[in-house]
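Pasting the structures in now, so scroll down.
Across the two complexes that follow, subunit A remains constant while its partner is subunit B and subsequently subunit C.
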Partner chain A sequence: MYLWLALLWIIGWGVVGAVLIPRVYARRDLDVSQAALAGAMVGAASGPFGLALLAYFTPRLDWKWVVVPGAATVAIFLTAFAATYPNNLCVSNSAFVLTQVVNGLVVGIIYGLMALGLTLIFSILGIVSFAHGEFYMLGGMFVYYLTQEWFPGLHPLAAVVVSAVLTFVIGALFEVLFLRPMNTGQVERPGEYAILVTFGLSFFLQYTTLALVGANPKKVPRYFDYPRLAIPGEEGSLLKVTPGTVRLFEEIVIPSPRVTAAVIALILLGLLMWFLYRTWIGKALRAVSQDRQAAAVTGINPNVMNTLAFGLGGMLAGLSGASLVQVFSWVPWVGTQAAARSFVIIVLGGMGSLPGAFVGGLIVGVVEALGAGCVPDPHRAAAYIPAYGMLILVLVLLLKPTGLFGREL
Partner chain B sequence: MKRVLWSVLLIVAILVAMVPMAVAAPARQGDAGFDYIVVKDDWLSKLALKYLGDVFAYPAIAYYTNQKAAEDPSYAKITDYDLIEIGWKIYIPSPEEAQAYFATRAQTLGVTEGETIKIGALAPLSAPGSVTGGQAMKAAFEIALEEINEAGGVLGKPVELILVDTEGLPERGTAAMERLITQEKVVGVVGEYHSAVGLTAKEVAHKYGIPIIFAETWNDNITASLYPEVFRIAPLSSEVANLDANFIQWLGAKKVVIMTENTGYGIPAAEQTTKKLEERGIEAVTFSADIGTQDFSGIIERIKAENPDLILVLLTGETSYNFEQQAAEAGIGPQDVMMICNQVADDSESFWKNVPDGNLCFYRKVGLPPVLWNEKTKAFAEKYMERTGKTGVESYAMEAYDSLWLMATAINNAGSTDPQAIIEALENIEYEGVLGTITFPYNSKNPPSEAGVEDKWWHQFPDFAAVFIQYQEPGQPSSEAPVVYPEKFQTAPPILP
Partner chain C sequence: MNRNALWIWLPLGLGVVVMLLAPLALVSRPYIMHIAIVAYFYAILASSWALLAGYGGQFSFGHMAFMAIGAYTTGLFAKFVRLTTVPTGVCPEITVGSYTLFLLNPVTAGEPTCLDIAKATMPAGTLIYRPPIYVGILLGVLLGGVFGFLIGVLVLRLRQAYLALFTIGFSEILRVALNAEIAITDGPNGLELPPLFPKGVTIFGMYFDATSKIPPYYVMLFLFLGSMVFMHWLASSRYGLFFRSIREDEEAAAALGVNIVRYKVLLFVITSMIAAAAGAVEAHYIGVITPNILLILQMSLVIAMAVIGGMESLVGAAIGAILIEFALEFLRQNITIGPWTIDMTDWRLVFFGLLLMLTLRFQNNGLIYPIIQRLTRAGVTEEIAARRRLVPETVQEGEG
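Here is the complex of A and B:
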């Protein structure tokens, strides 16, 4: 009951603020770029009182005017939720909440890695790759076949590296063969062509894999058996590790394959950042993403950068697959949901923004985990997992259409 | 006075405004057929959907219009379904007339003039359907087809099997059935795995009067609609729920978590099981997830907080593997609480690869337990394992195999490809299959209402067997895993975590 009242309040005054405040600011000839967002937030948090003050004093709106009322809005929502469902685990059990958040962050890192590949392709080639999920699938499949079928005994990390090379080669080859004609004027409508040809690649990869390896789910045993240890001691330990699990503060349990996957992803992120910001090629890539013509003038070959970007993008998806094939069962259509999630993340973070993709991944990971954990009806909580990300997406697009880190126009 | 005048005026205005609406409102379904003048933006299937409630009913409009045109030249003559002109007078038949047309057409369709007898088959061969299940069924169909043709085919002609991928999607089921019946001109259809597809496929079978034998669709409503064309050799979901509840009670669980999938199979199955458990005084909480969900960590923490004695997994395919292994990693796997895993666990090679911590899993296996296998089951199992390289035979492979043999036998018994004759032959059949002796005791001569049973038993194979098996050693092949329930088939007592 409280929850619905609170939602009504938040949405109602939020809408009023978003409509009213920009008008007030426009009439007084003030900067309106943040007015809608700040108006919505202030309205949602404080209703008519805050809006009246805002309209009367019209202070200069910076990020503080978004973040502070935004936090207050979230607090109102959470209080109402707690008042409505006092017995909900998310209200009564803090260890449960922490576990959900940590689990969400751990998968969020990997979501972020995958979305990073998609955003890289978008920022350099200016196209959305619909075959991104299939690279994710291939990354996992390669690790499975390398370690289980072709070279039994091969160290999984070596297989991850080989799988990265293979997905890179497939991506780069595809770019040279099918996407390059877009830039040489051989294709009449490059935008539509890119959509169709990457869709085609998606089907081709998925069904070829299905034909070659069959539909039986595959899985790689966990890459590392962790050593048993407890810090500081067995009793009341802060960190306790067994071969299969990592336990923090006695309460938060994370299966060890997930920790491995998240650590691999973090290392890769570090490497990627170093590559993009510290090497000549990385800087060239970013230069092309900022201005194609200007980059070409300074002697960067945009065609090579395109190939590199598509290969790298595919490789990042492949690497997230390669680090997750020890966590999830792997089938040829495993990439479909992962790709859909990546689209949500990059729009949420801002199309073409690298930090946006990473932060977006974390947000979606945590929101999905909390949604699955906190939605009161157990029948629906997990069934709506794909919807939680969408909900956040809709909210962000309504309030900030460029995404969280998108370039302002 | 003025106000009264205004009110009256207002009412009159509203009435006047409504008259054209009433005139424009077409005669709806259930009325008699009527004449119709084609206007702009009409096309036949649109009219069929509007007046007959079925897009695919457009041939009926053309047929009746052409019949009228033969007597009365003011009607148009439709030679091309895709071409009607504004101003044409056409005849929209009543739904009953359309039904009659499709029934007669099915009879002419059913007469196979070619060199072969065509039988249609449905199976999910690509995602989001259960591809694992579909491919197992495909292998079983192929074995049955080879055997039937080696044995001389049907009515002296070789059988041609036309297998269509339904993708586990209801709308694909409709399209597949339309294609099989109207284009491929099959005399009967067998197979299918997903109930959601079965529910739409049965409507098409009924429209054209073509017999269909469902192999692995458990939803009660498939047979409960009492369609004469629909037969089923799969178990009934409500009866399986009963069986599950009995087993859970026998194990002594007091609180159960049901982890089900968000589908036409999963939701009713969970509801039925919950009902049966409550009747036995056992508490049940249901969680559901979409097919294809990978990450269950959030939901597993919630299940942990429920503190159940037993977890019943009604997810299918690789989704069930994901859940079972992640539950085990989080400390509520089959070695921590009792867990009834999904029946795909029967494919032991794949199960152990995906759920390495799955020891002590129970799973339900439909079909005769190995101790009751007849000669036919043994022969089929041998061929099947040789062809697929698996170490066991899944129940849906057995059902697919039997469904095709059953259809072939019925056509032979009928002595013709007339759908009515085949349906009659199926009602009287007593067929020795790998599932046991298949009969359909509740049929047009002994309808469920007179026999005092529920409608779901209509054209339903009643004697399906099901047992519970438990893996008792890591890596155990399913052929060696013992039967733990029912007690009369028990080969080893259950090991409780």
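Here is the complex of A and C:
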């Protein structure tokens, strides 16, 4: 009951604030760039009182005006939740909450890796690839077919590398064949062309895979069986490892394939950062993302960088698929939801921002884990999981289209 | 009548006559009739999406969501709204004159609704009606317009990829909600709807029962033709010019006095209402609607139809949709080449994905639209070329 009242308050006054405050600021000829967001947050947290003060004094809005009321809103929501469902596992059992959060962070790292590919493509080509989920799906499919069908006994990590190469080649090939004409002036309205043609690629790849491999779920056994281990001892251990699980402080349980996937993802992130910040090609990529013309003047071929970026982006999605294929069962349309999640992450983090993609991945991972674990009525909770992310996406696009770390539009 | 006008009106008139008379030839082949009805349905969606995206430049991926809003509105209206001559006393209700309009409460299968409870106390001779189907359809269209207005207002600032992402988000939220609220929408099993004419219908003295495909065929055909005429009028009026100016350059259009906000929202409202109408009629015709119509696959089909037909031509998109729907149905048969049997149910979609990409890349105007252009504008190119030759000093301007 309290929860619904609190939600009504938050949504109602949030909308009022988001609509009214920009008008007040615009009428007084002040900066309105943050007004909608700050208005929504202040309204959600403090209702008419805060809004009246804000409208009367119209202070200069900096990040504090977003973060403080934002935190207050979250606090109001959590308090109301705890008051409404005192027996919910998330309220009464801290170990459960910690397990969910840690699992969310672990999966969030891989989500972040995939979104990083999308944001890399956006920052260099200026387009959103709607086929990103299909590269994710292909990455997992390649690993399955390499290790289970074509070369049984192949080491999974070798298969991951091969699948990375294959997804890179597919991405680069597509870029050369279909996206390069955008830069040579052969296409009217390139932005819209890019949306449609990547959409077509998604359609094509998904149905080609479906036609070739069928709709049966594919399952890859976990890459590594962890050795049994307990530190410091069996009793009261800080870290206890069995072949299938990793257990922290006796209470937080993480399935070991997820740990493997997260470790792979972290190594890849390190490699990617080294590549982007320490090598000539990486610096060239970032230069193109900052200013195409200036980069071209200094002797960087922007077309080559486009191909490289699209291939790399596809490869990152393929790699996250390849590391998650041991966690989930794999079907040709598995990429749809992963792609939707990546869209949420890059919009949340700011389109084209690399740290934004990583932080956004962690946030989305935790929100999904908590949402799945905490919402009462488990059937409905499970059914609504994809909607949480989309709600974040819609809200961010409305209130702050540049996201957390994005460049100003 | 000059030659060009003849080339426009002759094929168009022939096409309309064929569509009007087709049922005579197809009475004994209900399967073909069915495909034709579904093809008109997709033609309405593809051409209204072409108006939104091709003319207005608003690349919305939420078109199927508006269609679903229309379909679910009329479905829920038929499921939950009843009229009686006596107030029930237990259901949420309002009394208008001697009739009472009330809502049934959502229950799980097997439990009594509030109507069942109320029946026990009702006096003998109480009449309970289902409200007419067309009221539900009209409500669906209206609600589609309302949502179109809301989305149109919300996406005013968003362009291209941002707009696409926002509309995908909207569509997905709607799909998830329809899937999850099983008590109301019956979730993934789908909501069952009464047929368009539950008691059958008599046209020109001929009686057609509720399962006959001829009345729905004409309803869908007239909806299709009506929306085409309306959209064509809109696109060729000054509004169409405004829409295209918004597509080409919003700032420039605004600077020249086009009210961007008004026409963008108007475009969303009109196309959503058309999509909602198509969805409502189609849902009643099929008899069941599931949240899966909101899957991205369905949206990509509509987009593929519009693009292959020609995104910047309403007629092109509609013809593209009709041809593709027929092709999709006829390509269902498996093909056997020597020892291999190819299951075409999946490969046909691969083929259309490839066709979509190749069309976009090499034939940006679609495959049907250039043919229409050739027919209607035959001779124009030569004329322009001849004029150019007369004025050799024309300044050549590069494309920006």
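We adopt the following convention: the second predicted complex is superposed on the first by the 336 of 409 C-alpha atoms of A that agree within 3 Å, B and C clash if a C-alpha of one lies under 4 Å from a C-alpha of the other, contacts with A are read in each partner's own complex, and residues count from 1 in each chain.
Operating definition for what follows: contacts are C-beta pairs under 8 Å (C-beta built on N, C-alpha and C of every residue); 3 or more make two chains touch, one makes a residue touch a chain.
Source: prediction; values computed, not measured.
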> subunit B versus subunit C on the shared subunit A, clash or fit?
Replying inline: clash
> If you stack the two complexes on chain A, which partner ends up touching A:L397: first (subunit B), second (subunit C), both, or neither?
Replying inline: second
>> By the touch definition at the top of the document, which applies to A:T336: first (subunit B), second (subunit C), both, or neither?
In response: both
> Of the two partner chains, subunit B (first) and subunit C (second), which one does A:A296 touch, if any: first, second, both, or neither?
Replying inline: neither
> So, does A:R380 touch the first partner subunit B, the second partner subunit C, both, or neither?
Replying inline: both
>> Quick check for you: in the superposed arrangement, does A:L210 touch first (subunit B), second (subunit C), both or neither?
In response: both
>> Between subunit B and subunit C, whom does A:L7 touch in the aligned arrangement: first, second, both, or neither?
In response: neither
>> A:L248 in the overlay: touching subunit B, subunit C, both, or neither? Say first, second, both or neither.
In response: neither
>> Just to be sure I read the superposition right, which of the two partners does A:I195 touch: subunit B = first, subunit C = second, or both, or neither?
In response: second
> Given the touch rule stated above, what does A:V24 touch, subunit B (first), subunit C (second), both, or neither?
Replying inline: neither
> Quick one: which of 112-120, 220-228 or 238-246 on subunit C sits on top of subunit B after the fit?
Replying inline: 220-228
> Do any residues of subunit A touch both subunit B and subunit C, and if so, which are they?
Replying inline: 207, 210, 336, 379-380, 383, 386
>> For a test of understanding, state which residues of subunit A touch subunit C in their complex under the given definition.
In response: 122, 127-128, 130, 177-178, 181, 185, 187-189, 191-197, 199-208, 210-211, 336, 340, 343-344, 347, 351, 379-380, 383-384, 386-387, 390-391, 393-394, 397-398, 401
>> Can you tell me which positions in subunit A touch subunit B when the two form their complex?
In response: 89, 93, 96, 99-100, 103-104, 107, 207, 210, 214-219, 221, 244-245, 253, 255, 257-258, 328-334, 336-338, 368-373, 378-383, 385-386
> What part of subunit C is in contact with subunit A in the complex they form?
Replying inline: 53, 57, 59, 154, 157-162, 164-166, 168-170, 172-173, 176-177, 179-180, 187, 247, 296-297, 300, 303-304, 307, 343, 346-347, 349-350, 352-354, 356-357, 360-361, 364, 399
> Which positions of subunit B touch subunit A when the two form their complex?
Replying inline: 126-128, 131-132, 134-135, 262, 285-290, 292-299, 301-302, 305, 317-318, 321-322, 325-326, 329-331, 347, 350, 353-354, 356-357
